[in-house]
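Have a look at this one before I ask anything.
As written, the chain order gives the labels A, B, C, D and E, with residue 1 at the start of each chain.
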Amino acid sequence: AGDTIKIGFLAPLTGAVAAWGKPGLDGCEIWAERVNAAGGIKLDDGMHKVEFVSYDNEYDPAKARTGATKLIREDGVSFIMMLGGDTWPGVQPVADKTGMLFSTLLPSDLSPDTNTLIAPAEVHPIYNVTGVEWLAENKPDLKTAVMCAQDDALGLPSVATYLAAFEAAGIEMLDDPLLFDPATTDFAPVVTRLISKNPDIVCLDTCYSDYVHPIAEQLYQQGFKGQIISCTADFYDQMIAKTSEEFMEGFIFQFPDFDDPALNADNINFTDPNGFYAEFNKRHPGQWGAVSWEYASIMDLWKAAAEKAGSSDPDAVTTAMKDGGKGAHAFGDAAWWGTELFGIDNALVGDWPVVAIEGGKARIKGFRSIPDWYAKHGDLLIKHMKAYDQMWDQRS
Amino acid sequence: MLELLAQTGLNAVYAASYISLVAVGLVLIFGVMGVVNFAHGELFMAGAYAIVALYAKMHVPFFVAVAIGLVFVGCLGLLMERALFRPLKDNPLGGLVASIGFLMILQALAVMGFGVRMEHIPPVTQEVIQFSDKVRLPVARLYVIVASVALLSVLWYFLKRTKFGWALRASAQDPEAAALQGISITQTAKIAMFIGAGLAGIAGALTAPLVSVNPHMGHSVIVTAFIVIIVGGVGSLEGAIIASVAYAFVHTFVTTFYDGVLADITGLCLMLIVLIVKPTGLFGSADRA
Amino acid sequence: MPKLLIWIAVLVGLVLLPHGLSFSQQEILVFLTINVLLVASYRLLTLTGEWSLGHVVIMGVGAYTSALLTKRFGVYVPVSMLLGGISAALIAVVLSFPLFRMKGFYFLIGSFAAGEIIRLLWKRFRDPFGGAKGIKGIDPMPDFSVGFYQFDFFEPTSYYYFAAVVVAVCLWILWRIEKSPVGLTFHAVHWQDKLAQASGVNVRAYRTLAFAIASGFAGISGALLAHYIGTINPNAFDIDLMVYVLTWAIVGGTATFYGPILGCVVLTVLNEIVLRELGLEQMRPLIYGAIMILSILFLPNGLESIVQKITQKKAANGTAQRSPAE
Amino acid sequence: MLLEMKNIAVNYGKINAIRDISISVPTGKIVTIIGGNGAGKTTTLRAMSGMMPITSGEILFEGKRIDHLPAHKVVANGIAHVPEGRRVFPDMTVEENLRTGAFLRNDKEGVETDLEGVFHRFPRLRERRTQLAKTMSGGEQQMLAIGRALMSKPRLLLMDEPSMGLAPVIVEEIAQIVEEINEQGLSVVLVEQNAELALELADYAYVLETGNAALEGPANELHDNEHVRAAYLGI
Amino acid sequence: MTNFLEVKDLTMRFGGLTAVDNLSFKVEHGTIHGLIGPNGAGKTTTFNMISGFYKPTEGQVLLRGEDISGLKMHEVARRGVVRTFQHSTLFAELTVLENALVGTHMPFRPNIFAAIIGWDAEDRHGAEARAREALEFFGLDGLLSERAGDLSHGHQRALGMAVAYASHPDVILLDEPFTGMNPEETRQMMDLMERLKADGITILIVEHDMQAIMGLCDNITCMSFGKFLAEGGPKEIRNHPAVIEAYLGGARHVA
């Protein structure tokens, strides 16, 4: 066995954005234990254990830069996983100089300037089109929609995506998207405004769970009875507890629980999702969410590439990972994609699950192809993205 | 349209209720202790976590949990008084820094005890009072409104009609002179801190089932509370209540009829305008030469 | 001449300093140098007795201005930094009209509100400010060579030397101002604005002057930051950073020129180096909070009081109490 | 003895404000303390009413030790203090200020009578009963501070330069008040710059010099003392 | 020069209360002029209007014929009218010398650019010389580096006047300068005022210490309930029945 391979984890672990980093680190620890228990990572020079080295960047670009420097120059990591967002531009010069391989959860960080940054876990927010598409096919009598979103870097591209998806599906928007400040806590006024138009569908965009829960509760209490679609529905069981099973029935979102039987299918590339989910919930009850598995799924991809390359060298791993333009995404085979939206093919895109709540439990209703949708409606997406200044070449 | 106005009005009344609870507590602490309590939002958060621990996890009946939460956060207030503000009583900036330190500690403890993600609280009641199909008042919100009106009325009576209130007012204006009239200033400081913190705590506890409880939830609350007490005039209870109502109505209506970000800007501009017209707030008074 | 010797030793120390540090510590050193200017400029504002919660937003004004000038108009970076400082000072002059009607706690919160409005404007106007994501890809300081030393501004050491020279010049100016009759008048305005007025001091003008100068230097520090990390966004200048600046100043002590700087250095080293090295990364907020409380309880006059005790020399300007926030 | 101060010392930080002072106030008598600026007169009064912790010595009120009590408990024993610099409650009205003086009293009627009495003595205060104290003139505030002390119905009244800033007619009024309440059995400790007035009113006098009691004796004797005449009476 | 400082039909109302009511009087150049009256008569309010701290509701303040009412305090000061305050108001945290240096603000207006590059050495020396001179005049030259807040009461009052004197004023307004002073100190202070007068400075003084007022003033204006009551030399005022009735009383305890 050779040296331990070190992987950098550079994300907010304290402060207001910690919910996007801390559960991911927890998931990675579980991933590392499982991989190490199975012997580790097999490279040309033998088996290596993996270890995560974390640096709390507090979601601050300057601290992220410091952290990247430390992880690369002092800790000698082979790969760095980041949340991205505000922190990525601070790290970008370091990435350019060192050639280190970085991953982000937010593909809007991608740009042709940096080809060592990849977004292999999710192409937020593009996958949201799959939910709308599924809805239009399966519930064709829903004709009108309204939408609300927090006014931040995650909310706006998501608004553009949903607008494109609704337009593609022939669903009419009754009102401009309602933007609210990220610090909002009382959602009654927002909901009153939303349902004053009597929509068939209320779209919650990429609201964080801190918003999704109170909004759903208010929708329930203010008497909304129609369809709800949202990017996420973390802790939906609690939402049911606050509303009713009947109200939540048919709620559409995009993130399955990892005990979903559909994830045991052969095309799924996440190792033992059910076991991972059970272990995580045991150690960190009440903390499960999309971030919990996404960093780990990136590690699956990285491990496969490293083993293929026989080395942990960033260049070699990158080459192996992008070999043939295809990659193994958590939800099936996928392609490296994104030139039109991001200026570079560094996002791994393939199928994405559409999840609905049925009888109080999230169930995958099917996997839909994002590239297929894009082939048909890409122009709409670009139109709306442009309107919200979200194209890569529009970002200042 | 009428229904929309009515529903928005109800929303605003609820917002005014919890904001005024928090703001009045902050005013009371500032008035008597002379320090800007930056940790006030975290006292609100502590009240909410009391409900998480007692009601959601240990299944204590809700109103019992609220009462315990009130006392618990009130005691945090006493702790702050004894450990921070009393030793720093001649040093208002020191008090401010200490309260920031306390804020960080409370947040960190919440993270350590409960994790960084939001907490879940089962609904207390799902009943809704229906005035019409589109005008509804959830009973859980009614609780907050009723509690706020009741508590503030009691506080009003306490402050305006009893000797304690008199003592609080006197020691707020000149602690030494108050002591010379036989008023125990440590006693009044303790009472003020207990009530002030307790009000923040009960606001947090009562609204916990209605909002997302997380370790950083205090932030937006304190920003609102600061705006409100400045508009009302620092140290003025009437001012704080009236400004809470005004702010809640403006914010709620702008959110509903325009959007939430504009509502924030409107709120801040409103405050600046009040201050430009009357630099001591609506009910504050200037000092003589 | 022992004074000269001390200064030479300090100079040599500062030049050698980065070479004794690890890479990430060098990075921290750069940010620390920039923050020293920020907190020292904040102190100038507090001389007149006003405690602002808008100072880091003003710093942001300098950062945004400088970033946009280089990005949009290709202005040479050092020039745009200077312009960033000037525009921050001008914004401060504009803000002074509403803000200086207020005092004490009202000023504290009023300045916070003014800052929040500026931040909301940055978020709201995606053109040119880039919205919530801010501006990225800001031109770095162009590399150059001074014969014996090749500046490569990606390297923290290079940027540290550059920033240290800028900051040193700024500190020298701040120091000269403080020790001048103008500085004395700032003090006077703080302790008794009525009496100062009766002595013919245009208090309003002096407060504005202090606000503008402090803001100008804050703007320069913002520009220094922007051109190093290459990105800025509205969240980077929020109340969290402001709270740090405030606590650096108060924990350090504001009776002397060096007090806030001392606070900044000590607290930053503790938080960013010591606690992280000890493996207490995720416990930092808890420990940092405790340190703040303990230091204010046991060193009510700030870290500077230790230094004063050691040197046994009373600082030229009133040693005793700090200002009350009224 | 109503009040006895034995070998008191008080420090402000490292400064010894008073070093070794003993003062006795017999029941029903007026005692005056005179002395130059910074002699420690105010500090002595503050020590008596518990506003200043003492470093050594003891203070007895009606034979009970009160030196370890906080100010509000000292006051509860029946001591009222007109502090230096007036210290009226700025944001209370005149009437509220006066009623605060009666904070510890429970006899409603007595309070109303005494309020009437204060208004009678200072008609200005009655005229302005709803005016905020901070907007009153300097002298009006001084009247208010005296009135407030009278409202507590004390057995011992400590007055720190009560004539300061008052018009000559009002100074006379104050002198009369002191005499009258003294006739009703109240004891008074009077600190005054106007030594002439003080020595005329008092039964017994102490002269403080830089933290020490330099002289003491019956007031009329001190009035004729060479040193006192030169230093404090300006004769 | 007559009509040096003139107050004409001055009125100040606070809500329904008329604190100063149609008051007029003149102060001759180079004299010491007293302003007396019962408590709450409106003396401090009058001072506040003359010095620019309040803007009169009605009426004018004329300095050498120029209407200065409604000007800001520092603008009034720059025209040569400098005031002290009813309580000891000083820069408590600054040293005695620094206090006096602030007083030299008007004659030696600091310039920030000159200060940074060090081209203001001459002004600084001038200011310091003037400050020392003023302190010496009031006998404070031994206390230069004391903190002003630590001074004894009497020294604080003297310093307050030194600060005013340092600015080369034409008129000094003194609000109860003798409070808290014993007879001996009062007498010393009176001597200093006589010297100020000899220097050509006009003094307008509010005071309840009759010994001082009668001993110092060339002319006295007495007001009551905001209105003009009487005016004249010390003798006239002492014997003026209305003044005795409203203000002096039986004068049992006043010199």
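In the analysis below, contacts are C-beta pairs under 8 Å (C-beta built on N, C-alpha and C of every residue); 3 or more make two chains touch, one makes a residue touch a chain.
These are the chains along with the protein names UniProt gives them: B, C = Branched-chain amino acid ABC transporter permease; D, E = ABC transporter ATP-binding protein.
Since we're looking at a predicted model, the values are computed, not measured.
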Fill in: Required steps from chain C to chain D (each step between touching chains, minimum)
2
Worksheet, complete the sentence: Between C-E and B-D, more contacting C-beta pairs sit at C-E
Response to the item:
When centres are defined as mean Cα positions, the distance from chain A to chain D in whole Å is 75
Item to complete: Measure off the straight-line distance from the CA centroid of chain B to the CA centroid of chain D, and report it in whole Å.
Response: 42
Practice prompt. Can you check how far apart chain A and chain B are, centre to centre, with Cα atoms defining each centre and the answer in Å?
Written response: 36
Worksheet, complete the sentence: Chain-centre distance (mean CA atoms) for chain D and chain E, in whole Å, is 30
Worksheet entry | Of all residues in chain A, the ones touching two or more other chains | 14-15, 22, 151
Response to the item:
chain B residues touching 2+ other chains are 108, 111, 223, 261, 264, 289
Worksheet entry | Set of chain D residues in contact with two or more other chains | 135
Response to the item:
Per the touch rule, the chain B residues reaching chain D in their complex are 163, 166-167, 169-170, 173-174, 176-186, 285, 287-288
Item to complete: In the complex, go through chain A and note every residue touching chain C.
Response: 13-15, 22, 54-56, 59-63, 65-67, 69-70, 73-74, 85-86, 89-90, 92-93, 97, 108, 113, 151-153, 156, 389, 395-396
Practice prompt. Would you pull the chain E residues touching chain C in the complex into a rising list?
Written response: 51, 53, 72-74, 77-78, 82-85, 89-95, 98, 101-103, 105-106, 108, 110-112, 115-116, 118, 120, 123-124, 127, 147, 163-164, 167
Worksheet item: Can you list the chain B residues touching chain A in their complex?
Response: 4, 7-8, 11-12, 14-15, 18, 108, 111, 115-120, 122-123, 126, 128, 130, 133-134, 136, 138, 141, 209-212, 214, 216-217, 219-221, 223, 251-253, 255-257, 259-261, 263-264
Practice prompt. Over in the complex, which chain E residues touch chain D? Could you list them?
Written response: 14, 17, 37-41, 44-45, 86-87, 152-155, 176, 179-187, 208, 210, 246-254
